[in-house]
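Look at the two complexes coming up: subunit A is in both, with subunit B in one and subunit C in the other.
On to the complex of A and B.
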């Protein structure tokens, strides 16, 4: 009896494991009907009575009838998409169930972290046999694939899609610094903004305009909140999985020094770090564990937070009346901000290149672009008008994003292009600098000197020329 | 006859063959590859550049220090706790059988899950703060996981002790159950009290189990990872985390391999030390 019970329990566990391990593919069937006009000839036989005698009359009637016939459905087959975006389970489900649902074929969406994507695509390039048809990743991921010559040239497709309203500057980014090779096509974009609980507005320093804050306003704001509530309610995503390095590279550095790299150890940079050190006194110290600021905003652990729009989305979606989106603050040198571009490319040895091309066309359709915004919070890369189609929360975010980009003193900071596969190391330098100065309290000029030397070495070794907002350079970018 | 003898001689080797192939293929070869990544440059020549890169990194000494702090605090704590738990369970008290399941429960929980559970305890709006504020001990939440204090380290120690003591416990219980009752009974007859019996009989007899548990636990302590990630967001540096970071985030397999090699070397040294110092002479066991 007991043995049987154990056996049954074992079987149950096995069944559970089997169910859990089942590949999660969403099958999508779509029936498109189309109307067609057909001429139909009908023979009508009638019996009429003529003077009491039945007479059979035969008549031929020609009429046009509209009938519904199933259209010839083009099937582009299985298209495997490997993506570093839409990775969280919920987002991946939305990608499969909604965004990709109308694709004429069998899309298979696989969300992975960047290292996994790189390993897989690079290994397949080396092996000469691929299984991935479409790669969706951040702009910064593509140079590594470019360096290994793992991507197909999409110039023809780019020309074909030129009427979709993708900004030329974005298309140019997809060439990764080359003249005529289109490595990826911009798919969606995002950026980083501040989000604030409306409660915090009461503590805003006098005369500060929420739509045009300065960094000093942010400092005074955090200080007011701390003085009056006794709690530090400003938060940054400084955990390992958070995007603090983007804050340093694309926001505070350009705002204070006008550049990301060339003024790394300038006097302005020293002043900036002193400012950061002061600001940190009023920042929630648990920031070093934060990764997605929407969580802390919703739990009200913090009231004012900086993060990626997609990582703030839940707060705006769940409680649109409680939060406001703010454009990034302005510093002495301007309003530094970082547009984030997500591109879509095709590996050289994709098993289904036609399907992959069709997938890109599909992803750039207006409806798909709006679905992407609605479901995973990335803004369209094409010129589609979206405000009427999305929730209040996303519209709020969209307004802040637009204000930030349209600011007269905007300093758009791009991700580095020329670092190749060592693109991750630059993030380490900025994070290490932050850790040493802010968390460990080391001497600012010393740290900037040491980390600046590492930055210079990285730039020299890769020969990376300066990228915006730093002025263009001949040869490797120089840290002044 | 000779053929039969040969077949008999071969038999053990044939039986060993599958596991040997498995070990060579999936352990020895990757280990060799990882080591060569750490000490060879792109052209395949010997270089110390990767190791220098590792040791000159800001996070390196922090990682070493934190890993060793965790090691020397967690392991003794776990041993004392596990020994007490094991003695209670084997003492034959009423209901002590049930305690085994209770104590062994954390084994079944993945380390990341354990880390997340403890994060929920220690975080600003977590269970601990809620409890302390409700009891009136604190008037506003205390931020435990502030990386500029020692609290995150303490939180990791607590979480690790909770999570991994059960492994030590299970090994010790197995060891205790293997000690024949006669030894203790004999000692009792000679008038030895409980402490004397523990020191003179039980613990010496338990040596092989302690050795196994120590080696296992120390090696695992060098690899501490998921709990640290969950509790501190990765801002508490430890060796395994640095290896992961260098491979995944900074795309530098060489430095990652150097870290991995360092962990391997530490683990080997410690294992040899344990094996030597805790060696139990055969006579003591069989005699």
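On to the complex of A and C.
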């Protein structure tokens, strides 16, 4: 009995091993011919008159006819998409069920975090054998892949798609600083804005225009709320998984100093940090645990919050009547804001490059672009007109995004460029500076001097020239 | 002084401490559970009512039906069982050897086993993935199981060796005197006695494989294990899904623990008979 049991167990294990080792086959079926030649037999019946009498003559004729096969949907086979965007459960489901549903083929959408995407694509490039067809990631992810020569040149596809209304500046970004190699094609964009509970509007400082706030207005606003309700209702995503570093890099630094890195330790920067310190008194201290401000907005733990549009979307979607979207505030140097570009590229050894190309064409169609906005909250990269097609909540966000970009003193700040694999380190420098000055209360000039030195070292070691909004530089960008 | 002693001997302090420890574990589990079964909006209620006002399985069922979750459960089970079998097949004989025989370099061997844990998997990720892709092990259950086995082996070997040490050597010798072969004595005497201990070490292996995220995320693409799929997704998901997912990961672990409680106590030093 026991022997039999052991035998059965062993067999089971063997079966498991066999199942586990089974090679995975990818079937790619494609319809190549659009026209077909067919042999047709035709029976021709004629009535002819022979000497006045009608005679029926039947003839069998064999003919070859070329027929146009009605546009049978071509099948582009399995296309594996590896993406760092649209990862959360619901968004991934919407990508699969709605956004990618009409693709003529078998799309497989896999959401991963950035390190995993990089490891996977780099490993496949090195092994010379790929399984990923399409990569969707932030602009900042691509330079690492470019450095490993892991991406296909998409110049031809870019030329073909030039009628989709993708801004030239975005297309240029996809070349990653090269002259004529298109490493990625811009797919969608996002940015960061302020969102506010309408209750908070009662506390707006007098004369402040919600569509054109200044940083001082934000300060007075938070102060009013705190004085009158006794609670700090302003919130920032300063938790571990929050995007506080973007706030520092792309919003408050450019607004006060006109640049992201070059004025890192300038007098203006010192003034900015003093302002931040004051503002922090009226900021919810729980901010250091926040990551997705939509959650605190919905729970009404905060009334006014700054975050990524996709991380505020739930609040606007669930209660569009309760929240308003506000363009970012203006500071002494202008309105700093950070457009986030998400691009789509193809790894060099993608198993199904035709399918991948078709996927990019599909993703940039008007309908897909609107679906992306509607379902996962990223704004189109193409020139498609969307306001008629989306919910009130998203339209609200869209208006704030548009106002922010169209502001006369706008200072668009790009995500750090040219740092390669060390792109994450710059975020750490900004976050460390924030922690030391605001949370630990250290001396501002000292901290700026020390962290500025680290920033300079990073720029020198990578040789990264300045990127907008900082003025262009010869050689590595210099911190002043 | 004497009143203090009565206080202790009355054991009430013990019960208070036990109660506190139990609450420390149970309250979060309770909150996760009620949040998992609440409608989406109720999750954001603040302050949270201790008894849920409404009941809904909306997020939980969305979660269960979302793409690939069931396949991932299947994958996780296959990987965990393979890991368990492989690590016992390799680890138990090694543990037995360490327990029974004296050989040159035994101590350094014991140390060398532990040293495999010294290499952080993060650094090995790319070379490992490259090798696995070249060997066609990439994205398969056996590939992940091999890596998990490598991670589990040090613990398996050391635990099984201590289990075999506690099985008296004389019993095996007696069996051999009575006609068993060397292997027969192991199989008929030592193995049955060590079985509870081996089961306990197998459980640790199983749990390690069940919870492992990083290696599984790097080595799989279209067939990820449950944690590899969930942890990434949940990290970036709204709160209601975090509760649903948390509940979903918790339950199998609790059920599993209930079943294997007995063996765990064995591992914690209850004497083998």
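Methods note: the second predicted complex is superposed on the first by the 409 of 480 C-alpha atoms of A that agree within 3 Å, B and C clash if a C-alpha of one lies under 4 Å from a C-alpha of the other, contacts with A are read in each partner's own complex, and residues count from 1 in each chain.
The rule we apply is simple: a residue touches a chain if its C-beta (ideal position, glycine included) is under 8 Å from a C-beta of that chain, and two chains touch if they have at least 3 such contacts.
Here the structure is a predicted model, which is why all the values come from computation and not from measurement.
Engineer: Taking the superposition on A as described, I'd like to know which of subunit B and subunit C A:407 touches: first, second, both or neither.
Structural biologist: neither
Engineer: With both structures placed on chain A, which of the two partners, subunit B or subunit C, ends up touching more residues of subunit A?
Structural biologist: Result: the larger residue contact count on subunit A belongs to C.
Engineer: Now for A:286: first (subunit B), second (subunit C), both, or neither, which partner does it touch?
Structural biologist: In the superposition, A:286 touches subunit B alone.
Engineer: So, does A:127 touch the first partner subunit B, the second partner subunit C, both, or neither?
Structural biologist: Touch partner of A:127: subunit C, not subunit B.
Engineer: Output check: A:425 vs subunit B and subunit C. Expected answer is one of first, second, both, neither. What do you get?
Structural biologist: first
Engineer: Is A:299 touching the first partner subunit B, the second partner subunit C, both, or neither of them?
Structural biologist: Both partners, subunit B and subunit C.
Engineer: What is the contact status of A:181 with respect to subunit B (first) and subunit C (second): first, second, both, or neither?
Structural biologist: The answer is neither, since A:181 touches no partner chain.
Engineer: With the two structures laid over each other on chain A, which partner does A:113 touch: subunit B (first), subunit C (second), both, or neither?
Structural biologist: Touch partners of A:113: subunit B and subunit C.
Engineer: Of the partners subunit B and subunit C, which touch A:90 in the superposed model: first, second, both, neither?
Structural biologist: In the superposed model, A:90 contacts subunit C only, not subunit B.
Engineer: Give one of first, second, both or neither to describe whether A:242 is in contact with subunit B, with subunit C, with both, or with none.
Structural biologist: first
Engineer: So which positions on subunit A get touched by both subunit B and subunit C?
Structural biologist: Residues common to the subunit A contacts of subunit C and of subunit B are 113, 241, 299, 301, listed in rising order.
Engineer: Residue numbers of subunit C touching subunit A in their complex, please.
Structural biologist: It comes out as residues 41, 44-46, 62-63, 66-67, 78-79, 81-82, 85, 125-126, 129-130, 133-134, 136, 138-142, 145, 217-218, 221-222, 232-239, 241, 245.
Engineer: Where on subunit A does subunit B make contact in their complex?
Structural biologist: Those residues of subunit A that touch subunit B are 113-115, 118, 144, 230-231, 238-242, 284-286, 288-291, 299, 301, 421-425, 427-428, 432, 435-436, 439.
Engineer: What does subunit A use to touch subunit C in their complex?
Structural biologist: Contact set of subunit A toward subunit C: 13, 16-17, 19-24, 80, 82, 87-90, 92-93, 96, 108, 110-113, 116, 119-120, 122-124, 126-127, 129, 131-132, 241, 292, 294-295, 298-301, 314, 318.
Engineer: Could you list, by residue number, the parts of subunit B that touch subunit A in their complex?
Structural biologist: The touching residues are 58-59, 119, 123-125, 140, 143, 145-149, 229, 231-235, 245, 247-252.
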